[in-house]
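Shared between the two complexes below is chain A, which pairs with chain B and chain C, respectively.
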Partner chain A sequence: MIHRIAVAVVLALVIQPAGAQDKPAAVKKGAKPPAAAPAEPKDAATLEFEKFRTQMEQEGNPAELHEMRGEELWKAKRGAKGISLAASCDLGLGVGVVKGAYVQMPRYFADAGKVMDAERRIVWCMVEKQGFKFDDLAKRPFASGDYTPEQTALVTYVAAQSTNMKIAVPLKDPHVKEVYEIGKEVVTYRAGPYDFSCNTCHGEDGKRIRMQNLPNLSTPQGALTAVLGWPGYRMTGSVMLTHQWRMNDCFRQQRFPQPKYASDTVTALLTYMTANANGHMYKGLGIKR
Partner chain B sequence: MASYPIRIRALLKGDVTSITAIVSHPMETGIRKDDAGKTIPAHYIQLLTVEVNGKKVMESQLNTAVSTNPVFNFKIKGAKVGDKVVVSWVDNTGEKGSGETTIIPG
Partner chain C sequence: MKNSPRYSILAASMVTLVAAMPLAHADGDYRAKALAMIKQDFVGRGQATADRVNADGLQTICNRTGNKPPEGIAKRLEADQLAAVKLPADGKLLGDWKSGEQIAQSGRGFTWSDAPGLAVGGNCYNCHQIAPKETSFGTVGPSLYQFGKLRGNTAETQRYVYRKIYNAKAYNLCSAMPRFGHVGALTEKQIKDLVALLMDPNSPVNQ
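This part shows the complex of A and B:
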């Protein structure tokens, strides 16, 4: 998998200088300071969305229903091997330790020989420890209609146990740093019929698609905006969605082929943006319109 | 039948207890159609009841205007920390659900 990314990176470097991207046709008024993102003036709609989100997150988030189910799944003996995740799955802080684990991922797992994000690690545990088949879990990995996959409920439970904790992706680990750098290259890679890269939408401050503000993933504040709210309950459709889902949907919006579920590329992207938000507070389960 | 969880939080601040109940329920209106064009049958909560220490404090007649997985919040007076709060519902198919919690300081 790393070799494919390396080839993709080489191709990206050959086709286009690394880091370059088209500037919008309109000239930006004034130069943006390069370091910390300046506080952006917010329009009335943005303020209302934020007010709604805060209110719903505090008063009652239907995501908690999925958290409850996730807790049951975590503790239940399941799979061909008839063992619980609580008794067998190490999310980085010890077998069965859930508190604080979500904000310290993606991280390197020696038993898997890979850097993994939360959803990928949970799926790995379900396969390796409980005896589920990856292809079964990857068949329909995201929620839609009445269906919520088990790994979504598990990610929701695990993430909720990191509420109000500081994001702390272990960048000092050379494995994690390597994957971070891959993610940093992947966001510049342009492809698909629109020649979009992640940076096309998420590489600058002040961008928006219709009513959706687009966070700048390269800045701490933008990265935090991107990370907060996942996993999150989307009221349109009443579905619980994870950060892995969001990456899949970005690929769809760029008219890219679907990324393989829980792939190295997705982990690299999640490592890049989550680590950029290091030191900031993860507020727990999100809610979206 | 699948069990429908309810998450209830009952927080006492001063003399007012704020009760939040997140109820899991599809709340199907009965006027939607599936991809095959068949009408999805109505399936929604008709009666929601709240009891504190066995005494009914609120009864609500719901209809199809209420969303899927609804979140309810209401405030009551005269309760104290440790009181038992039970939220229960009956839907149009006769299915029932309930959950409980105790009041804690908010």
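This part shows the complex of A and C:
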């Protein structure tokens, strides 16, 4: 760590502004390289969080409660059409098959004519097979306070049935490949008042915002870091959140407007990062800070 | 002409070509598709209006060149950005470093969940090491620890720091750093206070 800070200080010395009209004074001659400022690899809050997470993992992840609710919802006859998802919803491996489905999405669904991630597909099934209204599902799509949307519980259930299975987004399918390539472009797109793209923070290795490590989405390891732990139980606010939510909140922090719920753009991002993690193990429901 | 064998062969080969097309896209096509997708998929919320997804001229050039614009274009556009920087009328650039530290700590502002009109933060510690007491700092930008001590607290360097915070793109067209003054995020007083945080010999940054 000290070495890393020393490197950063040296870099700061080397980097000089480029504007010829406005050349600042050079570094004073004879100035000694400064002692590295004190810094810890992990701040106290991070250590506290990690202790808490270990404890929760031993005692049971609260996400499992949402998984149980999701299983009930999956199997119950519901909606205007009074049919269960178990009897009507194909997540890519056949109607009702949930084992291994999560790690093989996003994928192309011919009946919808779209590439869809797990949450989008579940919502599609709720609308098309069960007769729920999309606008109702999109009104409050993510958990907050005591409220957890049904689709969140369903995603949690479906994801848990892929625990310890290899991520295998079917990139050989040209439909999926096309959406992957579009996702690769979406992450580079800079706009908004702060000129941010996804890649401003997530395009290089070894960067941090405050103490938070930033995964580089273009690498298998970075993409894996971004995929693991979703859906996850977030201790801040005690809420169950999905990967769709994570994308939504990234755009908020990017100072972008809000992506429509279950949109093509979010699917493209999830396709890009999940496929980049292909071949790695999905470890199941997460606990997030 | 109609139903001639030659026409049928042509039609058949066209179908084959069209079917093969998704695999034959160049990057530019994917970029165009990504852009069309983004324009259709975002809605305004709070102060984050839908038109924020439209890239301005500078953003477009950085987007099209992978943040590596040709040098001639970069120099010209950097000069334009620099020319638009408004230096304080009173000529004083060194504000209050204590207030600067608070501004550097805050990451508030401009998101759809921020109340419009509230003071915006500088987001500085998100990306930079600055004062040694704050150990929770990001590494997207270079360390600014001992900035003034290393460079000397001259009027020229103060002007550079003010301009850099006002519009980082005046020095590096596709810099990751926002244009805090240019977009009206930070006020003249806030930028002066940040200049003091980096330059004032009494600031903890320079101890």
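In this section, the second predicted complex is superposed on the first by the 230 of 289 C-alpha atoms of A that agree within 3 Å, B and C clash if a C-alpha of one lies under 4 Å from a C-alpha of the other, contacts with A are read in each partner's own complex, and residues count from 1 in each chain.
Here is the rule we use: contacts are C-beta pairs under 8 Å (C-beta built on N, C-alpha and C of every residue); 3 or more make two chains touch, one makes a residue touch a chain.
These numbers come from a predicted model, not from an experiment.
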item	value
Touched partner set for A:G82, first chain B, second chain C, both or neither	neither
Which superposed partner A:T188 touches (first chain B, second chain C, both, neither)	second
Which superposed partner A:G94 touches (first chain B, second chain C, both, neither)	neither
Which of chain B and chain C A:D146 touches, first, second, both or neither	first
Residue contacts on chain A - larger count, chain B or chain C	C
Touched partner set for A:G113, first chain B, second chain C, both or neither	neither
Chain B versus chain C as contact partner of A:P174, first or second or both or neither	second
First, second, both or neither for A:G279, with chain B first and chain C second	neither
Contacts on chain A seen with chain B and repeated with chain C across the two complexes	none
In the complex with chain B, residue positions of chain A that touch it	56, 59-62, 64-65, 68-69, 146, 233, 235, 238
Contacting residues of chain A [partner chain C, same complex]	5, 8-9, 11-13, 15, 17-19, 21-28, 31, 34, 37-40, 43, 174-175, 177-178, 181-186, 188-197, 200-201, 206-212, 214, 251-253, 255-260, 263-266, 268
In the complex, chain B residues that touch chain A	5, 7, 9, 20-22, 24, 26, 67-69, 71-73
Chain A-touching residues of chain C, taken from the complex the two chains share	22-23, 25, 27, 30-31, 33-35, 37-38, 40-45, 48-50, 52-56, 58-59, 62-63, 66, 78-79, 82, 110-113, 125-127, 129, 132, 135-140, 142-147, 149-152, 154, 156-157, 159-161, 163-164, 169-172, 176, 178-179, 183, 185
